[in-house]
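Paired with chain B in one complex and with chain C in the other, chain A is shared by the two complexes that follow.
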Partner chain A sequence: MQYSVLLATDLDRLIQALRAEGYQVMGPTLRDQAIIYDEIHSVAELPKGWGDEQEKAHYRLKQREDGAYFGYAAGPHSWKKFLQRPRRPVWRAQKSEDSLQIVAAVETVPAMAFLGVRSCELHAIATQDRVFTGDQYRNDSYSERRAKLFIVAVNCTTAAATCFCTSMHTGPQVTLPCDLEMTEVIDDAEHFFLLRSGSAGGERILQQLPLHAAAQRHHVLAQSAVSNAVRQMEQGPRNFDSSDLQALLYRNYDSVSWDQVADRCLSCANCTMACPTCFCSTVEDTTDLSGDHAERWERWDSCFTGDFSYISGGAVRADTRSRYRQWMTHKLATWYDQFGSSGCVGCGRCIAWCPVGIDITEEVQSIREAEKR
Partner chain B sequence: MSNTQGKPKLAVWKFASCDGCQLSLLDCEDELLQLADSIDIAYFMEASSRQVEGPYDLSLVEGSITTADDERRIRAVRDQSRALVTIGACATAGGIQALRNFADVEEFTAVVYAHPEYIATLKTSTAISAHVPVDFELQGCPVNKRQLLEVISAFLHRRPPQVPPHSVCIECKLRGNVCVWVAHGTPCLGPVTHAGCGAICPSYNRGCYGCYGPKENPNTASLCHWWREELGADQATLIENLRNFNAAAPPFERESRRQEQRDGEE
Partner chain C sequence: MVPDIYRIASRTEEFPGTCTLGITPHSGGRAGNFSAGQFNMLYAFGAGEVAISMSGSAQDGTYIHTIRSQGLATQALHRLREGEFLGVRGPFGSGWPMEQVAGRHLLIVAGGLGMAPLRPVIYSLLEGKTQPSSAQLFYGARRPQEMLYTGELQRWQQALKVVTTVDHAETEWPGQIGVITKPLGAATLDAENTVVFLCGPEVMMRFCIQVLLGKGVSADAIYLSMERNMKCAIGHCGHCQWGPNFICKDGPVFRYGDIRAWFDIRAL
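Up next is the complex of A and B:
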C-alpha cells in the first residue's frame, strides 16, 4: 500500500480539494462546549488543540498542548445523523373530490465527505449498512446518501476513558474500507498526516495534494501514535473479554442485575440516540385541519419509550427493566443472530451521555457476577 | 360569520388558570382561519361574545378546580361534551396554584387578602381528571400551539393524536443539542419531562424546568439522586424544581414529598 505524508499546514488543501469535487464536507467542530459534527468549510473550523475528558455522564472539553486536529474521542454526535436523518418526510397525500394521491417525498441527496471517521465509527456505518441497504428492508434515503459518501478515516491516537473498541475488536486502527486513511502525528517540530487512498476517488483527491514521500520514520511514528491509544484502552477501566457475551446474556434473562439497573435507568433514550448503530425509527402520520392533506414522517425512535412496544392493549415492555434488557440484549447478543455482528462498536457514547452514568461494560460485569452467586 | 351547518361544535372553557393556553389557540393566527372553516367555534369567551348552547362535540378545558363552584361547573361541562380534552398544566395537573396542596390555604388567604372571609376556595387545586372523565390530556405550560392543532385535527379526522409522551431528551437529540447535563454539569429535568416544547431551554443552554410535566414512566428518584450526589443540587433546589407548574402531577408530587422526608432522615 502506498503511503504519503501531508504536512499539517497543508490540511486545508484536503478540505478544499473535497469541496472542489462537489462534496459537502462534514467534520468535527466546536459548539456549546463539545466537539460535534457539522458542515465545515475550512481548516479553521476544526477543533485544533482541543481534546476531551470523558467518564460516566461526564464530558468536558480539554485544551491540548500539541495543537492536534484530531486529538479528541467520540463526542455527542455520530455520523448517523447525516445518513439516517433524525426526521424526514416519507410521503405526502392530497385528497380531491374523487381521488387520493400519494406522492413519495423526494429529497435532493447531497454528496457528503465525512472528515475524521474513526475505526469504531466505520464499523458503526458498516453495521447500519447491513440494516438499511439489505434487500429486504432497504431504506432508500439512507442508501442514496451512503452511495454518494466519501470517507476520510482517521486512526485514533488517543482514547477517552469511556472507549473500549479494543474489547469489541473495532479499532483503533482502521481496518474497514474507506476512501482515505490518515494518521495524525505530532513529534517535536513535526506535525504531519501519514495517509493512503483506499479507492479511486481517494486517489483522485490525493493527486491534488502537495504530498511528500513517506519514510520509515513516518511509519514508525504513526504506528507508535496508534499504539498509544491501544495502550490507554488496555490499561483503562473498560477493558474486558467480549467473546462470550451472546451466551452470557441468553443465560441471564432473569438476572437480578436487570432489576438493579432499572432502579437507576431514566428510560430517557439518550443512550439509543447517541449510539451510532441504534437504527430504530417510527412513522408519524398527520393530517391538517381540512383533512385534505396528510403526511407521513419518519423519525428516530427508541426501545426505551412506551410507544415503541405499544400494541392493542398496551405496551409490551411497560417497565424499565424490560426496556433496558431489550436494548442491551439486542445490542450485544440477538444482533449477532439478526445481522451477523455485534451491535456495539465500543465507542462509549452510551456511557458518557447517560445522564445517570449507566455503563454497559459494568452491566456486563454485573450480570457475570450475579451469575456466579 | 362562516356557515356552521354540519360542522362539529367546539367549546373552550376556563377554570383556575392564567389564560395562556387559550392564548396558544388564538396565537395560531393563520391556522385559526382554517380552524374556523373546519369547526364551529360555538363557545370561546376569550375570543368572542357569541355563545351557542350545547351540546358540544369537543370541549377544550383550561384551568384547575379550586372552588366548589368549579366542581359543579366542570360536571356541567362534561355533561354537554362529547369529547373533553384538557389543555395545559393547570387542567392536567393542578398548575402552579397547586402549591397550596403542600401548605395551608387559610394561612395564604389570611396573609394576602384584607378580608379573607370573602374568599371561598378549596384546600387544594386539582386536575380536571380528578373530577370528571377526560378523553385526552395535552400537557404543557403553556401548551404548544402545533400540538394543540394536532389534537384538534386528530379529533376532527378520528385518528390518534401524534403527541409522544417520551422525554425532552429525545427532542434534544433530534435537534443535535449538546446535553447540558453531561457536557456542562447543568441540572436539567429533561429526562423525566414530557416532550412537546421542542427542548427550548436546553437549546439555549439552560436546564429543562419541567413545564410539560412528567413523561411516561419517569424515574424521578434516580434523577434526584444524581442531581444531589453528582451535580451538587441541594434539597431546596430539588424541591423547587419538582414543585413548579406541575407540582401536583403524581410522580412529581410523590418525589418532592420524598425529598422533604429525606431531610428528616439525614
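Up next is the complex of A and C:
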C-alpha cells in the first residue's frame, strides 16, 4: 500500500481539495464546549489543540499542548446524524373530493465528505449500512447519502477512558474500507499526517496535495502513535473479553442485575441518541389547518420511551428494567442474529453521556458476577 | 416507501367499533397476491398507519381488512365510508405455512380479533386449495355480539368443524360459555398428525399452547401470529423487535418450536 506524508501545515489543502471536488466537508468543530461534527470550510474550524477528558457522566474539553487536530476521542454527536437524519420528511399527501395523492418527499442529497472518521465510527457506519441497505428493503434517503459519501478516516492516537474499541475489535487502527486513511503524528521536530488512499476518489484527491515520500521513520512514528491508543485502552478500566457476550446475555434475561440498573436508569434515551448504531425511528403524521394536506415525517426514536412498544392494551415494555434490558441485549446479543455483528462498537458515548453514569461495560461485568452467585 | 391509493369498495360494521373494509386499487398497486397470515400497512389520511392482517381470499382482487377502532389510526380508518380513500403498503411478513396442512389434521384456534388473520386459511379450505385430512375451528370471543363473521360460520361448517365459545353471554346464547381452553382441552386429537394455527391475545395463546402441548402436540406443529408496535413494516424502525426477531419480516407467523424461548420471557 502506498503511503505519503502530508505536512500539518498543508492540511487545509485537503479540505480545499474536497470542497473543490464538490463535497460538503463535515468535520470536528468546537461548539458548546464539546467536539461537534458540522460543516467546515477551512482548517481554522478544526479543534486544533483540543482533547477531552471522559468518564461516566463526564465530558470536559481539555487543552492539549501539542496542537493536534485530531487529539480528541468520540464526542456527543456521531456521523449518524448526516446519514440517518434525526428528522426527515417521508411523504406528502393531498386529499380532494374524489381522490387522495401521496407523493414521496424529494430530498436534495448533498455529496458529503466526512473528515476524521475513527475506526469505531467506520464500524458504526458499516453496521447501519447492514440495517438500512442490507436487506430486501432499503432506506432511500440513507442509501443516497451513503452512496455519495467520501470518508477520510483518522487512526486514533489517544483514547479516552471511556473508549473500549480494542475489546470490541473495532479499532483503533482503521481496517474497514475508506477513501483516505490518515494518522496524525506529532513529535518534537515535526507534525505530519501519514496517509494513503483507499479508493479511486481518494487517489484523485491525493494527486492534488503537496505530498512527500513516506520514509521508514514516518511509519514507525505513526505505528507507535496508534499503539499508544491501544496501550491506553488495554491498561484502562474498560478492557474486557467480549467473545461470549451474546451467550452471556441470552442466558441472563432474568438477571437480578436488570433490577439494579433499573433503579438508576432514568429511561432518558441519551444513550440511544449518542449511540452511533442505534437506528430506531418513529413517524409523525400531521395535517395542516385546511385538513387537505398531510405530511409524514420520520424521526429518531428510542426504545427507552413508553410509546415505543405500545400496542392495544398498553406498552409491552412498561418498566425501565425491560427497556434497559432490551437496549443492552439488542446491542450486545440479538444484533448478532439480526445483522451478523455486535451492535456495539466500543466508542463509549453511552457511558459519557448517561446522566447517571451507567456504564455498559460495568453492566456486563455485573451480569457476569450475578450469574456466579 | 409510499403507499398506493385504494378505494373503499365495501364496508360492513361487524359490531360497534369494529368494521370490515373491502378495498380496491385506485391508483398504483394491484390487490391480489398475498399469503394467508400476511398484513398490509393501512394509512388513514393525516392520522397514521397501522398494520392490519389480510382477512379475505387471496384471489379476488380486493383486500379485505377487519379493523377495531382503538388508537388514532384505527379510529380514522373506522370512520371511513364506502367510496373514500386510504393508503396501502404491503403485503408484508410471513404467512401461515399452508404447505404443512395437506393430509394432516388442521386445528385453527382463534381468540377475538385473532379470527381475522385466520379467515384466509378457512377460505383456502373452502376453495379446495388446501386439503387437510380434517379440520376444526375453535373460536372464542368475549361476548356473542363481538364474534366476527357470524354470517359465514354456517358455510364454514362445510369445510371444518366449528366450535365457538364466549366469555360472557345472555341466556339465549346456544354455544359454550367460558375460555377457549376448555373445549380445546376436551377435543379429541390425533396429536402426532395435527398442525395448529393459533391467533389471539398473547395470554390466550399462552394457555392454548399449554393445553396443546399437554395433549401431545409437538411445539413444531404449532404456528402462531404475533403482534407488536410497528411503524415501517420493513425492518428499519426497530419497533417490532422481539428478542432477535423482527415481527414485521421474520413474522408475524412463527413456529412455536422456534420462538418458545422468547415467548416465555415477559416484557420482551
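To be clear about the criterion, the second predicted complex is superposed on the first by the 372 of 373 C-alpha atoms of A that agree within 3 Å, B and C clash if a C-alpha of one lies under 4 Å from a C-alpha of the other, contacts with A are read in each partner's own complex, and residues count from 1 in each chain.
In this text, contacts are C-beta pairs under 8 Å (C-beta built on N, C-alpha and C of every residue); 3 or more make two chains touch, one makes a residue touch a chain.
What you see is a predicted model; the values in this text were computed from it and never measured.
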| item | value |
| --- | --- |
| Touching partner for A:Arg31 - first (chain B), second (chain C), both, neither | first |
| Touched partner set for A:Val106, first chain B, second chain C, both or neither | neither |
| Contacts of A:Ala200 with chain B and chain C, given as first, second, both or neither | neither |
| Chain B versus chain C as contact partner of A:Asp263, first or second or both or neither | first |
| Touched partner set for A:Asp285, first chain B, second chain C, both or neither | both |
| Contacts of A:Gln326 with chain B and chain C, given as first, second, both or neither | second |
| Which of chain B and chain C A:Arg87 touches, first, second, both or neither | first |
| Common ground on chain A, meaning residues reached by chain C in one complex and by chain B in the other | 285-287, 291, 318-319 |
| Complex contacts: residues of chain A adjacent to chain C | 91, 93, 95, 99-104, 131-132, 135-137, 139, 253, 279-283, 285-287, 291, 294, 301, 303, 308-313, 316-319, 321-322, 326, 330, 333-334, 337-338 |
| Parts of chain B lying in touch with chain A, wherever the complex brings them together | 31, 34-35, 37-39, 149-150, 152-154, 156-157, 159, 162, 164-167, 169-170, 173-179, 181-184, 188, 190-192, 205, 216-219, 221-223, 225-226, 230 |
| Residue ranges of chain A touching chain B (in the complex, touch as defined) | 31-34, 36, 57-60, 76-77, 81, 86-87, 263-270, 273-274, 284-291, 299-300, 302, 305-307, 318-320, 352-353, 355-357 |
| Chain A partner contacts - residues on chain C that touch it in the complex | 1-3, 5, 26-27, 43, 45-49, 68, 70-71, 85-87, 201, 227-229, 231-232, 234-239, 241, 243-244, 246, 249, 265-268 |
